[in-house]
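After this come two complexes, each holding subunit A, first together with subunit B and then together with subunit C.
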Partner chain A sequence: MQLLEYALVGGVLYGLFFSLVGIGLNVVFGVLRMINLAHGQFIVLGGFGAWLLYQDLHLNPIFGVVLAVLGAVAVGIPLYWAVVPRLQQSRDPEMLSFILFFGLAQMIDAGALLAFGASERSIPNGTLGAGSLGILGQAFPDSWWVAATVSVLAILGLYLFLSRTRLGYATRAVMANRAEALASGIDVDQVSVLAFVIGLALAGIAGVFVPFLLGSVSPSLGDALTTTSFAVIIIGSLGRPLGTVVGGLVFGLGTMLMETYFSSWSSLVPYALLVIIVLVRPAGLLGRAVREA
Partner chain B sequence: MALLQISGVASGYGEMQILWDIALAVEHGQTVLLLGANSAGKTTLLRTIIGLLPCWQGEILFEGAPLQGLKPAARIRRGIAFMSELGVFPDLTIDENIRLGGYFLGGAEVRRRAERLFGLFPDLAKRRGEPAASLSGGQRKMLGIAKALVSEPKLLLMDEPSSGLAPVFVKQVIETLQTAITGGTALLIAEQNVAFLALADRGFLIEGGHVRLSGTRAELAKNDAVKAAYFGLD
Partner chain C sequence: MLVVLGLAFLALPHVYANQSLLFTMMTFIALAQGLNLLYGFTGYLPFGYVGFFGAGAYGMSLLVLHAGMPALLAVLGGGIAAAAVAVILGPLLRLSGAYFSIANLATSQILYLVVANPALSPVTGGPYGLKIERVFAPEAAYLTMLAIMLIASAIAIFFRVSRFGLGLRAMTEDRVSAEMAGIDIVRARLIVWLVSAAIAGLAGSAYAWSISVYYPQAVFGLQISVFAIVFALFGGVGTVIGPIVGAAALYALYNAIGITVPQYFELIYGFLIVVLVLFLPDGVLSLLERRGIRVL
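On to the complex of A and B.
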């Protein structure tokens, strides 16, 4: 019974973190209808940002959250204008975006390898709190709770933006129907660049906690994080950012249950869930049909 | 000077030309019907006017100034609104849909106009917090009209407002347009339902991307080709 409680509590914490890992990819896909195959690499950059803050500047790695937002603005705006409008004017923007973001991912991998080397970089758990917090008799390190709390706050912030602000309505409108949004007078470019920056910022913020929840950060981690993010958003609902929370929780609980009871099979979880969801419910767990007239 | 003056317009999708040498005019406060079958080019023309499709050739003047080169948002700021066949965002609430119709306006102004429209559409007002997807087809058309009117346009482009509706709801849409369109808004309605001729001052018959016929409501109603194609009379 204790093992089950451990798996459930750990699964929720892990799942909230993976909701944050995937949600940026879903925001970008929802608005631009492009899969950012470099999403995992931006998470890795967030991880290295936190590591640099701790290692070189002797600051608390939590400041990496601010660094991730500033970095997303500094990188995201020029990157968007350099790449996305040209892709959208092409004959096959989806396929070209795959190729282009794949190339970008390889460039970031190579740059990170040059800058940080191939070694895995870790940050002591105690830097985000030296103790542990317990629930249902199960104790988890403070860093896990901090990661889950920041994930909840970031997702809540995104929810409030989408549901309470004018730009948020416009973002949901572009996600629903780009042409209709254009015809309604929405500045789709403004919404798109904002969504791109938000997506990168959320990836970077998630990256700050990678050294704590995954043990370390290294340049080779990016592709695996992109794959997991993709699985999480497919499980929730592709194009519906808040569905990612459901996807993250299902992934987190699935992984922790497998690690607890069948640990050698746990790495199969994202792929197995992905295949099952695509076969059984292709719109994702939160995907729903719209009533027709 | 006509409110909208179109001359020699050619347009299409990708490399496929749909419209050839289209010429028409809409005067201030006038209702003009674009009558034509599926694939005649009516929607393409409206999408070209609002800026969703490029104008390959010819000229589109609104209040005497060219529209080419302007993004749809800029055309809407000039006083044109577009109600597509879908008309609404199903995932957004009724209130959010209406507010998006006045996206370029300030928050206080859009709220004031939304409240005025909720007064005209009490059924929508009662359900303002519900998603548009929960509305019936007829109610969605009402919401589409309300959303398009928030910007208080000088010209409202309507694409197939009767699409997917039972005849009783078509009548309701026409009655709504008759009561809701005030203040001199001109209408350019693309339709294949000849019932909308009752609203129109003038009409244009579009076939295969060309204007085949134009005239007043009375002239079109008497025309043998229109009677045969749309009234089922030989």
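On to the complex of A and C.
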């Protein structure tokens, strides 16, 4: 039973973190109807940001969260205007943006490799609290609890933004129907830029905790993180940011249970979940079946 | 045109000594062409295309190792193995656009993780890979790859000029109208999917034959999908010459600058993709077509 409890508690913490990993991708998709295939690479950049803060400035890596938000604003706004409007006028925005962001992902991969080298960078666990917190007799390092807490806060913040603010209403309107939102006088471009920046910021924030939850950060992690994010948001249905939490939890618990009982097969979990879900319910577990498969 | 291509790769080894470079270039031409068959003519972009390449390589090697088959026959077997994988993955075709691409990527990762799993070491060699050096025959493998490349291009020509190909293009333009016009969409799509997978499988088999000792990562690396996609896009998908030109030009460039510091090349082709999508979504050959030169 000890093993099972360990897997369950660990799965929830891990899963909350992966909700944060995936949610930025989902916000961007919901508003822009484009898949940011460089999502995992932006997470990796967030991780390197935190590592640099710790390594060169001897700051607590938690400040990486602030850095991620600043970085998202600095990168997101020019990037949006450089590529998105042009893509949206092209003949097949969904597929072409997919390919374009893939190219961007390759550039970030290469850039990170040139800048940081291929080796895996880690940050000592103690920097986010030296102890470990137990529940049900199972102890997990503080960094895991911090990561899960920040994830919950970030997602809660997103929820409040979407449900309580004017701009949040506008964002949801664009998610529901872009053309009608435009017709009713919503500044779709403003909403889209904001959503894009929020998506990148959430990716960067998730990245800060990658060195702790995955052990280290390296340029080669990007693609796997993108695929995993996609699996997570597909489970909770694409375009519905809050469904992502369900997706994260399913993924986290699934991975932890597999790791506990069939460890050599656990890396299959995100991919197998992804394929099963898209085949059985393309709209996701929570989705309404509106899309023609 | 096929004759020119064939003669070129027959003659080149006599003037240029690095035969393995030529071999790999042919491999990527075959892969870019096989991917072009699917993406260029049906609009499905298979991100996990390398899965079929790897399935072919392993199918071929396992037939040699466990069934004692002669290499050339095993290469055919590899192609069939990849097509069999495609049959199993057939339901993926129900998905559209990015869903298909990512689900396909996931399946190639699943294949890789299964093949490379230490638990299966006795059968697949697990993470340690396979050795089929006892059938090593570089000349025969070179000619086999040449044949596969020509077959892939011949099929592309067929798609380009035949009624079947016309139907495919109609399908991509407007699914419903094509269906109304009596095109059996499901069947046509499945045929292209199987053919495309078989090409990658054959290429993977011949590749395995040529290198004869390899790790799973060498035939399942995502990089292979990436190269095939970039090469095909660069030349222009939906044409016959596009993928050939794209693969030959970019692979040569890769060899000139990429081998020592691959990151620079990665940076360049990442940038190339971005620029292509924004300004030349139909590839460099579309520059010719804009000037009124018809490209096959």
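One rule holds in what follows: the second predicted complex is superposed on the first by the 288 of 293 C-alpha atoms of A that agree within 3 Å, B and C clash if a C-alpha of one lies under 4 Å from a C-alpha of the other, contacts with A are read in each partner's own complex, and residues count from 1 in each chain.
The rule is simple: a residue touches a chain if its C-beta (ideal position, glycine included) is under 8 Å from a C-beta of that chain, and two chains touch if they have at least 3 such contacts.
Quick caveat: nothing in here was measured; it's all calculated off a predicted structure.
When the shared chain is aligned, subunit C comes close enough to touch A:Met95, but subunit B does not. If you count the residues of subunit A touched by subunit B and by subunit C, you find the higher number for C. When the two structures are aligned on the shared chain, A:Trp265 is found in touch with subunit C, with no touch to subunit B. In the superposed model, A:Leu113 makes contact with subunit C only, not with subunit B.
After overlaying the two complexes on the shared chain, residue contacts for A:Asn177 are found with subunit B alone; subunit C is out of touch. Within the superposed three-chain model, A:Leu57 lies out of touch with both subunit B and subunit C [touch as defined at top].
When the two structures are aligned on the shared chain, A:Val83 is found in touch with subunit C, with no touch to subunit B.
Under the contact criterion defined above, the residues of subunit A that touch both subunit B in one complex and subunit C in the other are 292-293.
For subunit C in complex with subunit A, the residues that touch the partner chain are 43, 45, 91-92, 94-99, 101-103, 105-107, 109-110, 113-114, 117-119, 222, 226, 229, 233, 263-264, 266-267, 269-274, 276-278, 281.
Residues 47, 50-52, 71-73, 76-77, 82, 84, 86, 89-92, 96, 99-101, 103-104, 107, 133-134, 136-138, 140, 147, 151, 164-165 of subunit B are the ones that touch subunit A when the two sit in their complex. Listed in rising order, the residues of subunit A touching subunit C in the complex are 35, 83, 86-87, 90-91, 94-100, 102-111, 113-114, 223, 227, 230-231, 264-265, 267-268, 270-272, 274-275, 278-279, 282, 292-293.
Subunit A contributes residues 166, 169-170, 172-173, 175-177, 179-187, 290-293 to its touches with subunit B in the complex.
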